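For reference, the structures are reproduced in the following blocks.
Both complexes shown next keep subunit A, but they swap its partner, so subunit B is in the first and subunit C is in the second.
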Partner chain A sequence: MKGGGWVVEQRKDEKEKSIWYKIQSIDVKWIYLIQMIVISYPLLRPIGLPLGTISEETMGIYNYLNNLPEGSIVLHCVNMGPTAAAECLPGLIAIVRHNVELGHRLIFYTNTATGVPYIEEAARAALGTELRDHPDYGTKYVNIGYIPQGTTGFSGFAADIFFTTTDAYGNDLKTTFFKDLPTKTAADFDFGITYGSGNFAWIITYLRDPWGVPCGGGIAAGLAADAYAYYPEKTPGFLVGLRGGAEYELLIKKPGLAAAGMDAQSLAHLSIIIMVIIGNIGYFAARARGRGGE
Partner chain B sequence: MSMVEVEILVTLSAAAITLALFSYLWRENLAFRIAEHAYIGSAVGYGALITAEGAKRVLMPKLEKGEYIWLLTVLVGLLYLGFFARKWFFLYRYPISIVMASGMGVYIARGVKTNLIGHALNTIMIKDWQTALLAVGVICGLFYFYSTAEHKGPMVYMSKVGRWFLMAAFGAQMGLHVMARTSLVIGRIRFLLFEYPAYYLIPVAFILVAAGIVWDYMKKK
Partner chain C sequence: MSVVARRYIPWMFVVVVFTIVAIDTIAVDETIHRWASDLISASTVIGAFAVLLSIVMLSRLHIRRILRRRTVLESSILLICMWITLIWGGVRFFIFGISPTIEPVVQNLFYAITAPGDATMFSILAFFIASAAYRAFRLRNTDAGILIAVAIIAMLAKAPIGEAIFGKGIIAISDFCLNVGAKAGRRVFMMAMVLAVIALDVRILLGYERGWMGRGAEEG
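The block that comes next holds the complex of A and B.
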């Protein structure tokens, strides 16, 4: 028994020394370092890798917004936090820019506390001024701000637009923006878009289905698989992560943060694919050698 | 302190916290722990403040109209404080159950129609080969989790096909998650490389990590 154990130990040592075994167990610190370099390089020196064809979902939301008549009311639900901002904020800025160009009336709203600063940031980037200081604030743009209790809070707002009576800055909601709306409910909106890492289903469940408002999204890539369940029956389209944002920036011919980040995104993916291939070569080679030895 | 100085200080703090959190990639360390606690603390503080402001915006107009019945919601909210005392802990269950019940009520009214009936209808309405494939995937995927009877005959093949569909779905989900996490790193690296004066902290962080690695090595020896 003792001798047998020794043989097993010796085989284990030999196995651990083999290059195929080492390939499979590279210290993760090196992988992180490679990723850091691969991401930093194209940010410092852009390569200009092609983005490929614009996806159907991005084209869908772009075309839908393009075909809305001037002055249509678009609700922007900025439900994002720092975890999703890097990939969803560029898309939000691009869509707001496009809406401003088309002359739509925009409502900003969030059901997450962390969404508040991103409303301001997107408006600043698209309008060039602070949202509250814009001359059209109150007539073309309004910021409802944060309503607590997530979808329950949103349901209250959808059933009665004057649920909070004031906007995020304390102005009376009854004065200008909502003056000419017929029902003063969410049914008056022409389109709703949710942004961030919250699930996509909520806007379909609480806005599209009960109020008949078509909805889209600018969602974190990790949640895109859930959103496809509603496409194309219940949504004309949505932006998937940073790539969706980059596609939208190209469609409106205003390349920005997302397009600039796509080189880094592509190279990072390429390096991950290469590492997965190397790891698999190591695994299969080690397995083949193991079998040969037996 | 001028506005510009405040902005510089904020950017430097953000860069320091980002680098301290990244330092976890080397190993768990004091800088990471400080940044982690500061992040959680500030997130909770910010969330509490914004939520209180939001609640005030919803409540105040009703009180101004003389609808004092809404003050009950504040009382129910205060019951959450029962969490901190063993004697009054039971009170904490009331607001929790009210929030859960109202959330469930709103969801059942809307969610069942959209996410259960809606999805089921869309699955069985076969229009083209893609929707047919989807239907096959859903049915076989459900068979994979069916444990009431032993998998025999055609059920074996169906659950195998279901497993392949599930693995394809998990693979797609994983790929999208990698894309999402890479975007996060891109966002932080972009901030560190281009935001003034964040990039001044990069060499400082490298020197500190290098010193840490040397310290570890010396200790090992």
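The block that comes next holds the complex of A and C.
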């Protein structure tokens, strides 16, 4: 028994000394270090990789907004928190900038409390002033703010625009913005866009289908599969993650945060792919030599 | 409480609410629409009170913990301090009319604590994903091979480097995977989910499903 145990120990030592074993079990701290370097370096010193082809989904939402007549009402549902902001905020800013250039009337709304500051941030970036201080606030732009209870709250707002009675700053909602709307419901909106890492389906279920308002999105890349299920039948397009934001920035010719982050995303993806390949080379080589892979 | 009050009154209430809201989605009637709108408003208000109730209950628990000097007091004290700050925001809104949207204390708390903390937690995922992909993506069989191939194509296509190395072909393959494979799978999943929700709703309406009423109704 004792001898047998010694043989097993010796084989285990041999296995652990093998280069093939080592390359399939690199210590996690080295992986983290590589990731940190490949993400930070291009942010500090941009490489300037060309963005390449603009995706159909981005072109879809861009063209749809471009073709809306001046004065069209666009609802921005900023349902994002800090987790999604890195991916979705640049897209939100780019779309709001585009809307402002086209002379659209904008309504801002959120169903998460953490979305409120991002409405302000996007408006500040696009308008150059605080939203409430803008001379067109109340006529061209309005901030409904946070309505609790998610889709239930939104349903109430969609059925009656004066559902919350006041805007985010405590002003009476019956301002000039809503004065000329024929039905005072969501049916008066021309387009709705949801942003964030929540699901995409909600805006189709609660705005597009019951009220006939075309909808798009600026969603986190991890949730893109959700949105593709509705594309192109129920949505003209949407921005997928940071890349979608970068594409939109290039379309409106105002490169910003998203375009700057594309190099980091490229290198991060490439490093993950290289690590997967290295791990598999080690696995196959170890298996071919009869030492077994992890 | 009698069985009628415990079981049938909540059930009847659900049936009435469901019927009104369902009719409102398929019929155009001003009265029904007004009723449905009022019910939705009521549910939002009830939701807000539920949050208030949970704050009161949790505060009681943590204040009791502080008074009894239990272990890990720091987190309880921190929680109460945070709530006092939020209550301060509420007081400023109700007395001085300063909306929490522009309330500097609330804003500073968000930008100084919530945003960096939340963003850090999420960005750590990039490191975990890299480590997990390196360890778990092993080409052990055909299924794993397909998974690895699609993952690599999607990662390359969603960053400019993919097109820079492999040209537009990588975008076309990725679009095919998303527009055909992923879309079909996702639609099946979504339809199944919707049908399951409808089945559950029907069970609730017929009174077969009583778990949502709590234990009392089940026992009755």
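Keep this in mind: the second predicted complex is superposed on the first by the 284 of 294 C-alpha atoms of A that agree within 3 Å, B and C clash if a C-alpha of one lies under 4 Å from a C-alpha of the other, contacts with A are read in each partner's own complex, and residues count from 1 in each chain.
We take it that a contact is a pair of C-beta atoms (placed from the backbone, for glycine too) under 8 Å apart; a residue touches a chain by one contact, two chains touch by 3 or more.
It should be emphasised that the depicted structure is a prediction, and the values quoted were computed from it without experimental measurement.
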Which of subunit B and subunit C A:Asn280 touches, first, second, both or neither: second
Partner chain in contact with A:Ala186 - subunit B first, subunit C second, else both or neither: neither
Partner chain(s) touched by A:Arg132 [first = subunit B, second = subunit C, both, neither]: second
Touching partner for A:Gly52 - first (subunit B), second (subunit C), both, neither: second
Touching partner for A:Glu233 - first (subunit B), second (subunit C), both, neither: first
Which of subunit B and subunit C A:Leu44 touches, first, second, both or neither: first
Which of subunit B and subunit C A:Thr151 touches, first, second, both or neither: first
Touched partner set for A:Ile204, first subunit B, second subunit C, both or neither: first
Touched partner set for A:Asn143, first subunit B, second subunit C, both or neither: second
Touching both subunit C and subunit B, counted on subunit A across the two superposed complexes: 28, 32, 35-36, 39, 83-86, 114, 116, 145-149, 152-153, 155-156, 163, 201, 210, 221, 224-225, 229, 240-241, 243, 265, 268-269, 272
List of subunit B residues in touch with subunit A within their complex: 25-26, 43, 46-47, 50-51, 53-55, 57-58, 61, 99, 102-103, 106-107, 110-111, 113-115, 118-119, 122, 169, 172-173, 176-190, 193-194
Touching residues (chain side subunit A, partner subunit B) in the complex: 28-29, 32, 35-36, 39-40, 43-44, 83-87, 113-114, 116, 145-153, 155-156, 163-166, 197, 201, 204-206, 208-210, 220-225, 229, 233-234, 240-243, 257, 260-261, 264-265, 268-269, 272
Touching residues on subunit A, where the partner in the complex is subunit C: 25-26, 28, 31-32, 34-36, 39, 49-53, 55-56, 81-86, 114, 116-117, 120, 132, 143, 145-149, 152-153, 155-156, 159-160, 163, 168-170, 201, 210, 221, 224-226, 228-229, 231, 240-241, 243, 262-263, 265-273, 275-276, 278-280, 283-284, 293-294
Residues of subunit C touching subunit A in the complex: 25, 33, 36-37, 40-41, 43-44, 47-48, 51, 93, 97, 99-102, 107, 110-111, 114-119, 121-123, 126-127, 129-131, 133-135, 137-139, 148, 151-152, 155-156, 158-164, 168, 171, 175, 178-179, 182-183, 186-187, 190
